[in-house]
Amino acid sequence: MITEILILALAFLGALFILLAAVGLVRMPDLYLRISVTTKAATLGIGLLLACAALHFNDLAITSRVLAIILFLLLTAPVGAHLLGRASYFVNVPMWKNSVMDDLKGKYERGTHKLSSEEKTDES
Amino acid sequence: MNLLLTFVWAALTGNFDYENFLFGFLLSFGIMWLISRSSGDTRYFTLVLKVLAFIGFFIKELVKANLEVAYDVITPRFHMTPGIVRIPLEANTKLEITFLANLISLTPGTLSLDVSDDQKVLYVHSMYIADKEEFIRSIKDGFEKRLLAILR
Amino acid sequence: MEILLAIMVGLLYAAGLFMILRRSLVKLIIGLVLLGNGANLLIFLLGRLVKGRPPIIPEGSKALAGAFADPVPQALILTAIVISFGLQSFAIILIKQAYKVVGTDDLDEINATDEDA
Amino acid sequence: MLYTLLYYAVLPMLMISVVLAFVRFAIGPRLSDRVIALDLLITIGIGVIAVYSIINEQPTFLDIAMILALIAFLSTVAFSYYLEKREKDDN
Amino acid sequence: MLLAVLSGFIFALGLAAFGRRFKGRAVVLSALLPFGLFAYFLSLLPGAAAGQPAVYRYAWAPSLGVELSFHADGLGLLFALIISGIGTLVFLYSAEYMKGHKYLGRFYAYLGAFMGAMLGVVLSDNILALFIFWELTSLSSFFLIGFKNEEAASRRSALTALGVTGAGGLLLLAGALLLVYVTGTYSIREMLTSGVALPEHGLYPAVLCLVFGAAFTKSAQFPFHFWLPEAMKAPTPVSTYLHSATMVKAGIYLLMRLSPLLSGHQYWHATLITLGGVTMLYAAVHILFRTDLKGILAYSTVAALGILAFLIGIGTEAALLAAAVFVLVHALYKAALFLIAGIIDHEAGTRDVTRLSGLGRIMLPVAAAGFLVAISSAGAPPTFGFVGKDLIYEATLHAGPWSTLLTAMAILANMLLLYGGFVAGIRPFAGPLPEEFEKAHMPGPLLWVPPVLLAALSLLFGLAPQLLEGMLARPAVAAMVAGQPDFHLKLWHGFNLVLQLSGLTLAGGLLLYWLFRPSLRLERRIGRLENISPKGITEGLARGFERFSGWYTHLLQSGYVRRYVFIIISFLLALVSYRIFTSVNLYIDYGRISSMATYEAVILLLMLVATLIAVFTDSRLAAVAAMGVVGYSICLLFVFYSAPDLAMTQFAIDTLTVILFVLVLYRLPKYLKISNTRGRLRDGALALAFGMLITVLALEVLNEDINREVGNYYAEHAYVLARGKNIVNVILVDFRGMDTLVEISVLTVAAVGVFSLLGTGLDIKKRGEK
Amino acid sequence: MNTIILRTASNYLLPLLLLFSVFILLRGHYLPGGGFVGGLVAAIAFVLHAFANGLDNTRTLLRIHPGYFMPLGLALSFLSGLAPILRTGRPFMSGLWFDGPLPAIGLIGSPLFFDIGVYFVVIGASLTIIFTITENA
Amino acid sequence: MTTTGQFLFAPLLFQFFLAVLLLFLWRRTDLQRWASIFGNLTGLGLASVLFLRVWRGGALSVQAGGWEAPFGITLVADMFSATLVLLTSAIGLAVAIYSAASVQELRLRLGYFPILQFLLMGLAGAFLAGDIFNLYVWFEIIIISSFVLITIGGERLQLEGAVKYFTINILASVIFLTAIAILYGLTGTLNLADLAVKAKDIDNQALFSVSALMFFAGFGIKSAVFPLYFWLPASYHAPPAAVSAVFAGLLTKVGVYALIRIFSLVFTADPFIYEFMGWIAILTLFTGGVGALVQNNIRRVFSFFIVCHIGFMIAGLAIFSRPALAGAVFYMAHDIVVKANLFLLAGLIFKIRHTNSMKKLGGLYAEYPRLSLLLAVPLFSLVGIPPLSGFWPKVSLVLAGLEGRHFLLVGAMLLASFLTLIIIARLWAEVFWKNGQAPEIKPNAGYFPDMEPKRRALLVAPIAMLALASLYIGFAAEHLQLLSERIASELSDPASYIRAVLP
């Protein structure tokens, strides 16, 4: 009974985080913000839902499988977010109009995508 | 690494028998042999356990930040001040940088965009940059410091 | 459910066909992919739908009893999926190469082979 | 109770998320938006499968979730590759 | 007898192999072959006359009804003797005429094959075998007419001849098979004796049309005659052999042979009399307008063929006798005239009758022969032609109600034939010798002996027609009529009406010869009518058909794939919907429909919208991503409906496909805005209709019970016998492992294909750089 | 793509995915999985590696051209089908099992080898296709 | 399971073995040549043994994996299948020899021989399949191999042709798969013999015959009947001659085979279908013939002839009497040999003159008299000049048509024969008779005149071999007719087939 309540609570929470990510995805004004919001919220939500399954089946094999999935997600989700954000920056996906700064501007070498670490480069 | 993979194998099959471990060991040995030829450094996962511990800490952070963002998402007006920030790095190995960057990405509201080619600077997109210096410090003192403590 | 799925299958066929009837090579291939999906779903549908009962013999028993999904259509679809993958990859390369050699994505300009020379 | 609540509360929430994510997918406006939406869709799919496996008492479905988790990220990689490469070649 | 018929082919094959050594004396000796055949057929005559003809049977393809069964009765032997006899002379003649020709071996090979084919036609009892040989005559004549194949005109006339006779041949095939179907036998003899009253049969008109079609084309009856004058492009020996004496008579032979079976109905008689009559008059008049020796002879041949058809149409015993005799008469004099024309051409270098004269001073024997055969063709006594013509008038006079008209037609035709014979056989030799021909000289004996021989025979048979009576004429006629024919062949019948008509013919013909001069002007004048002549009309039709073909082909084979797809799907749609709406009882059995959960509805909705996006978006990448969503939705459906393996595979493959697209797409251009609204609407309508069809089909199938025998067997035996628990996997690797083995081969080939397709690109690039 | 984050991650993902692919392959006879999916996952692992490290590095890693996996797999499947004919004279592709299960792998029989053949063909084919495209793209 | 049944695997597995072997020999193109030639020779031997066994002992069947029908996959060799497998092997050998001499080294290095072998394996498999889904799978290997072969070398013309070939053939596969879905949904079985048995028990016969129409459309595209043929003239002239020869000889025949098989075994109840097929045959005969009339490229002429002459086989199926089926089968055998040879011939002409345009060709007779006579054999066999091979089946077909009172169909057959006659005669006149010019000399172009005698012989040998085969068919027509009649009687009595499969 207690596990059942625990499962329900976790499941509910997980679904809520996912819903949050989805709402964020729709509402956020620019791409980088959308990436920011979704990747983590969803990862957390999924983690919780999977944990429910592990609790429910209460089987070592399944628990280890769930752990493996979570591990994969933690490993891949941020990398995917990073790749997409970076690529989007290359193709000039604009930032929200209220953004306060862009330290990355002008740091990429055109064509090769070499990124410099200089604090101040020629601003244009 | 080999042991880790063996462990993962056992976990996957859900069978911690002696034979299964042996088979998993042989299998991951084979895979390691296949792979290690290309990448030079072999100083991997001796710190596996520390990493797992760190993950525990991280989940706490994750939930906290999530709530923060959730508030902004749900409320009708946006309170955010987003932007891209240049963060100089103390971490210098690839593994350290990758870990740091991924953890930053996983934390809500921040996203690692890229690492400079000389591996000295990390560019991060963040939702809340009230004060740039303050933000940089929170990253360096929070994540980077803890992470390096574990990894070094 | 069957009715809606049948309509969906019909729609996939329609969409695939419509894409094939366009002039762009890329659309042609997308159309073929959609058609293939439609055909697979059709096999699935006509093998009759059974919810939540995969054809896997549970641990401890020697045969499957009660209601279970028909494994035959599943095996057929699996084969068909893999085959379509092979064909589609080849198709994708074909359009790439055709574009490179012929210089157009416009199917209407690929008609030299029907002209007598 | 577990079944009912999962079925009538959790699953619908996930479905609303699916719809929302898909709205982003449909309106775009850029490819990147679609990719991130796609990524979220798959992630939600993992969740749906997890819930579904509990509802139907079929742990085997978690294996599918595992495959999804492993591979989903690859399409994101591919699309990023595309964006970057295309931009590079344009210059 | 098999050897006799096939010897021509064997000879031809031998020449094909050793053609290079075929020159000099060997050529002359080759005439021994037809001569031997001639002798052999002569030896068969007594048997035929005694009513016990030689028979030979060889079952070639009995299950197809084809036997090589030969039957040497009087009619067959009459033709066989003409074929081998004239063949002997033509072989000899050609040895000189074609001397030194580069492809002499080839020429003789064709001739030999032709002779064999012709013998096969006239001796075969099996109607399909007859057809086979018939087609072979067409084919060998194609090669003979086109022998001077470097000349475009020669090739064209070979094609014309093959076209006309080939079409006729196909009609013969149909006709022969229809006869087989109606009479139930392949043997002509059995058909004749089967007692089937064909004229009363419902298919009689069809049979008649087909047989006439075959005979008229082969025997150059109006309006199919035009190929024959064209065929004069062939070397003269060929014209002699094929286009006067033998091949053109194949149609006549066919009519004669089938006459007992098919005659008796007015369709038969009226058609033959009318068309034969028209042919003989039309061609006879044409003689007047020709200046080329061979042209004149060609038209006079057509006219003679018309007379033959006309006689067969009359169909009385007298008429058939006249026809049989006239076949021989004509063969003798016309072959001689052609040979003479060849000599003139050879020696004087021209065949223009307006220029030729006086050659008799140089080549007296030839002139004598010419004179003899000319009067034979004129039907003047004491030649064989006179006998023939008398029989013709005898036949027309007793032809029933129309006899006066028919006789008049025959007289007119004969007058013109006389004119033609004189122009060709006498005119070039009479009168003064112009300067241009002074260098001409007497030809070698191989050239002049054959016509002289033929002329001598014309004279001999004229003086003593009874020589032929018992051995040849009577058995020949016997083959065409019921009962024993009763007649006597004589030169002199007494001073009767027939004789008076002969006199009239001679007088009229001679008058024409004196008064009328062939001229180029006239020839040109008739040339202007070419467009409305049968030849012109046929060529026009052929051109029209070709234009139509081009239009029709390009209409369908437009080069646009999407149009092909459109047609194919429209076809399928029309076909299947016609069947569904006419025969399937449409309904939905709601008892079999399962309820639907909201989440499924959401997934379906997702799929729907994603599909629409994939179709209508302007961005290719968005389309690819949408396609991905469709695939992932399907994957979820598979999860819901108990197909975990499918879900996994679908997902993995969908991802790989998206990757592939993405990797390739960035090299491709953006979508072009090219389709118009109307086209989209039309395609959309078709696509939707097709989709609906599939939906309807699916729903109807779902109304039925499915037999789960196979699936249940697997469920029961997967673990016990195949030792696996995941039944889908067990099916893949065990129960239906064959499929999988082929499937991985498909994958391999696809991969190799990708490799080689792009590999070529690399190689081409490298080559370009170098 | 020139990003150390991806490159580093992929170095860990590759062995993980490969391991996982073998896992999926071997359990296919009992639970969802099998040669197809296993092969696809393995292929995807290498593709990911290639995305991150460049094709040449992945090539060096594989040492042989992935194309050779195909005839190898085909031959394996073929032989496993042929074995029953040679051993017992039963028809092509009849199941031929060793007695008693082997630890960790389960029952060994010709269908298993058949599935392994499938696994290799799928790897070989997918990689050949994707690598060829990548190097020509 | 008797050992004779087991033998059924031999030709098929040998083809597979050879294909894999050739893949292993990837870089050794010199070895591939010989492996392919000797392998196909062996294959021909195995196919002959199979043929003889079936001839003596009747239909054979074997269950892959030993699972009894309808649970496993059945392979069946009745006389029809065995004959076609034999012909496939013969064409395979001819093409292997021809390819060894003619296909460019570049193409060989891209896997030409292995793919060709996979194609031949697919063909043999399709002829032996006793299971409708297994048939689909064999079709797919045929399709994919033919895609690869049609594009191998990657020239513009090839790619353009491939796009059309590809699109429409995939469409055909989808239709085929759709039809299988419906069939399985109705009957729950895939085994052909089992389907034949269960066909009678289906309540909704109307729906069943609708699925038959879907099969007709799917196979109709493969067999290139009107109005589904467009892809064929658009693509068959594009690949190397050796490839076109296999395509021309065998690919469309697989479609015809499938049509004959299912419409004599499974879907026999609906007279509408046969009536409908009659019209299709008429239009196919007409459209193909008319199309060939207006072509100038000889390979395109032959392509349209493929379409045209498929009409004869469909006509035989439409009449559906025993003699008609015999005619169709006979025509099929004749057509396989002759069409393959014609495309080899076109390739040879190209090697000699470097063009396939009738306008530009000429003078072959003067220059190569003996070769010309050899080439005349397939040309005039195609026409059906008696007693060459094309003539005999027409006798059966026309007679059967008359007996069934399909007069329009007979008319169409005669018209098609006439058009064939005219077109081939004109082709002969243009290509062989007309004065020709030698082509401009391009160095290293791999010309026939420049070839060493051994290569020449390799090039001409398969043509001669196939010409001999068609001469044999023509002059010993009785043999093939007896065979065709036996096949026809087996086809019109499905019980024997069913007995061979279901115990």
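Which chain is which? They are A, B, C, D, E, F and G, in the order written, and residues in each are numbered from 1.
Everything that follows uses one rule, which is that contacts are C-beta pairs under 8 Å (C-beta built on N, C-alpha and C of every residue); 3 or more make two chains touch, one makes a residue touch a chain.
Remember, predicted model here, so these are calculated numbers, not experimental data.
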{"item": "Touching chain B and also chain G, the following chains", "value": "F"}
{"item": "Farthest-lying chain, centroid of Cα atoms versus that of chain A", "value": "E"}
{"item": "Most distant chain from chain B by Cα centroid", "value": "E"}
{"item": "Between the pairs C-D and B-F, the one where more C-beta pairs touch", "value": "B-F"}
{"item": "Centre distance in Å when chain C and chain F are each reduced to the mean of their C-alpha atoms", "value": "24"}
{"item": "Cα-centroid distance, chain A relative to chain F, in whole angstrom", "value": "31"}
{"item": "Centre-to-centre distance between chain G and chain C (centres being mean Cα positions), rounded to whole Å", "value": "27"}
{"item": "Multi-chain contact residues (two or more partners), chain A", "value": "23, 35, 39, 43, 59, 62, 65, 68, 72, 75-77, 79, 82-83, 86, 113-114"}
{"item": "Where chain D touches two or more other chains, by residue", "value": "14, 18-19, 35, 60, 63-64, 66-67, 70-72, 74, 77-82, 84-86"}
{"item": "Two or more partner chains touched - positions in chain B", "value": "8, 12-13, 15, 101-102, 112, 114-115, 117"}
{"item": "Full enumeration of touching chain pairs", "value": "A-B, A-D, A-F, B-F, C-D, C-E, C-F, C-G, D-E, D-F, E-F, E-G, F-G"}
{"item": "Touch list for chain D against partner chain A, complex", "value": "1-2, 5-6, 9-10, 13-14, 16-21, 23-24, 30, 32-33, 35-37, 39-40, 43-44, 46-47, 50-51, 53-54, 59, 62-63, 65-66, 69-70, 72-73, 76-77, 79-84, 86-88, 91"}
{"item": "Parts of chain B lying in touch with chain F, wherever the complex brings them together", "value": "1, 5, 8-9, 12-13, 15, 17, 19-20, 22-24, 27-28, 31-32, 34-35, 37-39, 94-95, 97-98, 101-102, 112, 114-115, 117, 119"}
{"item": "Chain G-facing residues of chain F, complex", "value": "67, 70-71, 74-75, 78, 82, 84-85, 89-95"}
{"item": "Residue ranges of chain B in contact with chain A within the complex", "value": "8, 10-16, 55, 62-63, 65-66, 69-70, 73-74, 78, 80-86, 88, 101-118, 120-121, 123, 125-127, 129, 132"}
{"item": "List of chain F residues in touch with chain A within their complex", "value": "1-3, 5-6, 9, 12-13, 16, 20"}
